[in-house]
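Structures incoming, each one as structure tokens.
Two complexes are shown next, each including chain A; its partner changes from chain B in the first to chain C in the second.
And then the complex of A and B:
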């Protein structure tokens, strides 16, 4: 069997997950302008909402998924309103914001562990089935195909949203020059609140999909966040579609890397890529300056 | 005739590391007139506009908008007070198209019925009007960052026009423009005046100031040096000295 098609498939699937995480992360970073670590925990919140509804209470899995996405979105919105917005109002520095979001991350993760224990869990498999497909010499599961397709859909919807809607244009204006956006009358606080909802919902979906693919633990958000952030930095922080390219590059380098070296090196490879970029091109592939 | 002041400062003060950029300044901007503000470099013209638009907080003193005393102006309130401004160093939404730079301000105070609302043909027509006024309609799909310096200045003016504000604060809108572009901007100022809008015009070129402004304010080191009718003020000895001594 030829390994190349499998490596490409794995790269695309990993890249799709990282891309989703990076999309939401960049959306939040480009408007609120700080590194939102708490964002990572919302992936676990989404996944555990599905677990709670579909596995503990036997709701249909699809209901769980929709609820998981919405709960993650609302929680992100609420955290922004009661923590980050208050801090912004007091002109908190980026370091303070970073530490506050680290606190949010730790707290959410702890709450999940208290209610659901730290044990590894799986999500019901009825939604996407357990199908296995052979595509061009590679083997992929139905969940993985769903991941790829949903990532494409989210990217397209987001592109349409940012470039065509009033709200999307306001988001781009804020990411370009927040002060001027305010002067021209854009309600930046309201826009940022809604961006937190959208970004957090995307994080929730990414967590749910990872949960279907490989299972869930309360700490699952951490590695997802790291990969999303690396993808974002590689593509150019705050550059929403640069992050997608960064994610694909990261997924590819990781998967080809572990084939040539070995699986334990996956995170080391990711960080090597990060360090290379931080040294030689800290602004990422797509940002200037 | 009763003159109404739409903007007023009372002992407004701002210092930066020991420099009094605006020094206990009290002045009035009259409604429906073009008020020119001149003064040597560093005399506090830009800082004054920054104070009036809440972009820098004042140390002391007050700003009155339509006779209403405000303890604090925040940038987000500027539009609510019917004001808008341009910047000496042009500030556009660089990564957005020329058209989107205008469309994005044509949203009613950021109120969206839904997340998925589009700009309508009504907004598009408004954008077309202001972009044609500055001759940039043909460039509407260019990214703002790809425009020439002069075009960027014109786009910023178009964006301010699109907001339909009653008071426009223009910080050196003519600086560095080619003569034909200067003509365009002068035409816009005259049109605004004929529509009864209030214009605050910061400008170095005395010919332009004489030609366009009804009232002139001369600043020097953050203080009011002189004010009155432009031709009269410009012939005063202390004003001439402030410039020659620059």
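And then the complex of A and C:
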């Protein structure tokens, strides 16, 4: 096991997870236009759905995964209907939306902890097996390969979706200018509702995959969310594919950083990267303005 | 009785935090979510000075105000480049970074082990050992902070920061260096939070990083949002309600660890409901 290939492999895997979170986050941000903190808790909701179905009730793991993704998506959709949509109707400022989503996040996370305790848990490992592969001197597990492949699939599907379908065009129209989109006859509320479903489902999947890789706790959504947000900002907020580049950069900086310093500083390294970007290139890598 | 005094002390400490954060969020309109970091720097300064160097509490308060104000100045200098959401997000970041330092700079803070055995305050041979004596002391500090903030906000300086909050561009047109004003308020807020930190360290006599997480910042923020922004009395009211609320939950008969989570649920839902139906809080004079 060499250090350099291993660091590169770890960076790619971390980057794939962050990319998924950032993709969903950016999708929501580009239409609803606020920092949705509550989004982080949905990753934990997805992972705990799998835990509940597959471990407590012995359903096949695959059923649990599908249910987890759907439950996260539906919950995201419901929260948007009952909280954010109403706030938008009242012309609430971004700050108000941010605080409301902070409330959603705090409450959801605590509800999970009440039902499942705040102990560390593991998910069943039968879906991807426990294989270990040696690739170019680095060691990766089969779960990590699944993470990488699924991230690639989601990126490609989302790209096709955004650029080749009518619905994707509607999303991009809203992200350019919501008012004009409404004038040309796009039902913006409906589109935003669906975007929340898709984005939240992606968050759920990311949470589930992290759960397979490293286990689950009710607070897992928080660091995932922060990494996703940082990746999104570094790449250029609202720019759906900038987020992917930001995620890869963040994964790389983090993994090389902890090799030089030490593992406990991971979060601090991530935020230092964010603050450096906010100071010197607040529009992110890709945005022009 | 002892229990009520204990709650009283907690309320005064959080009221100090709330009043100081209100200067930044309510009066100046900067959504800062990093107050627990300043609370922590103040607490650690007192803890380290009191245990390693046996410095008198009242002297450590002065040092921790100065040190925390300095940290506030450095953080504020970076934050002054941002507005609105990005300000909030970057301040999030500083809370996480400062927390990591508490956790990982083990030679100074003993990391997750925390610092035990912090002395209770004493002045001219009088020791504030019992809780009721401590309550008296913390009330004196609260009154001092309350009137200092009142003085600040009712002075011409206070009018300028409120005007910046309402229309920063207009103030710039009139030739005010708005950045300096915002930075000054931020540093004052940090210094006041340090007082709460010193009191907290000396009252509990043990501190560890877990008291200064991002969630603590969110909690302080929910105090002033519930009480009402831009109003000192609102901050006091918010602190009383949010400290007493979880105690009521405990009396209802939830087990301790579930009660702790119920608290989070209540705080979270409270934020959502307030944003939906009363974004200015109970006594607020300013809407976000």
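Here, the second predicted complex is superposed on the first by the 288 of 289 C-alpha atoms of A that agree within 3 Å, B and C clash if a C-alpha of one lies under 4 Å from a C-alpha of the other, contacts with A are read in each partner's own complex, and residues count from 1 in each chain.
As a convention for this text, contacts are C-beta pairs under 8 Å (C-beta built on N, C-alpha and C of every residue); 3 or more make two chains touch, one makes a residue touch a chain.
Quantities reported herein were computed from a predicted structural model and do not represent experimental measurements.
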Checklist line | Contacts of A:194 with chain B and chain C, given as first, second, both or neither | finding: first
Checklist line | Partner chain in contact with A:179 - chain B first, chain C second, else both or neither | finding: first
Note to self: A:95 in the overlay: touching chain B, chain C, both, or neither? Say first, second, both or neither.
What the structure shows: second
Notebook entry, point to check: Which partner does A:122 reach: the first (chain B), the second (chain C), both, or neither?
Noted result: neither
Next item on the list: Kindly classify A:83 by the partners it touches after superposition: chain B alone (first), chain C alone (second), both, or neither?
Entry: second
Notebook entry, point to check: Of the partners chain B and chain C, which touch A:167 in the superposed model: first, second, both, neither?
Noted result: first
Notebook entry, point to check: Counting only touches as set out at the top, which of chain B and chain C does A:105 meet: first, second, both, neither?
Noted result: second
Item checked: In the superposition, chain B vs chain C on chain A residues touched -> C
Next item on the list: Share the list of chain A residues that count as touching for chain B in one structure and for chain C in the other.
Entry: none
Notebook entry, point to check: Along chain A, where are the residues that touch chain C in the complex?
Noted result: 34-35, 83, 86-87, 92-100, 102-111, 113-114, 117-118, 226, 229, 233, 262, 264-265, 267-268, 271-272, 274-275, 278-279, 282
Notebook entry, point to check: Which positions of chain C touch chain A when the two form their complex?
Noted result: 31, 78, 81-82, 84-86, 88-90, 92-94, 96-97, 100-101, 103-104, 215, 218, 221, 225, 257-258, 261-265, 267-272, 275-276, 279, 288
Note to self: List the residues on chain A that touch chain B in their complex, please.
What the structure shows: 161, 164-167, 169-170, 172-173, 175-177, 179-188, 190-191, 194, 198
Item checked: Complex contacts: residues of chain B adjacent to chain A -> 53, 55, 74-76, 78-80, 84-85, 87, 91-96, 100, 103-105, 107, 109-112, 115-119, 159, 163
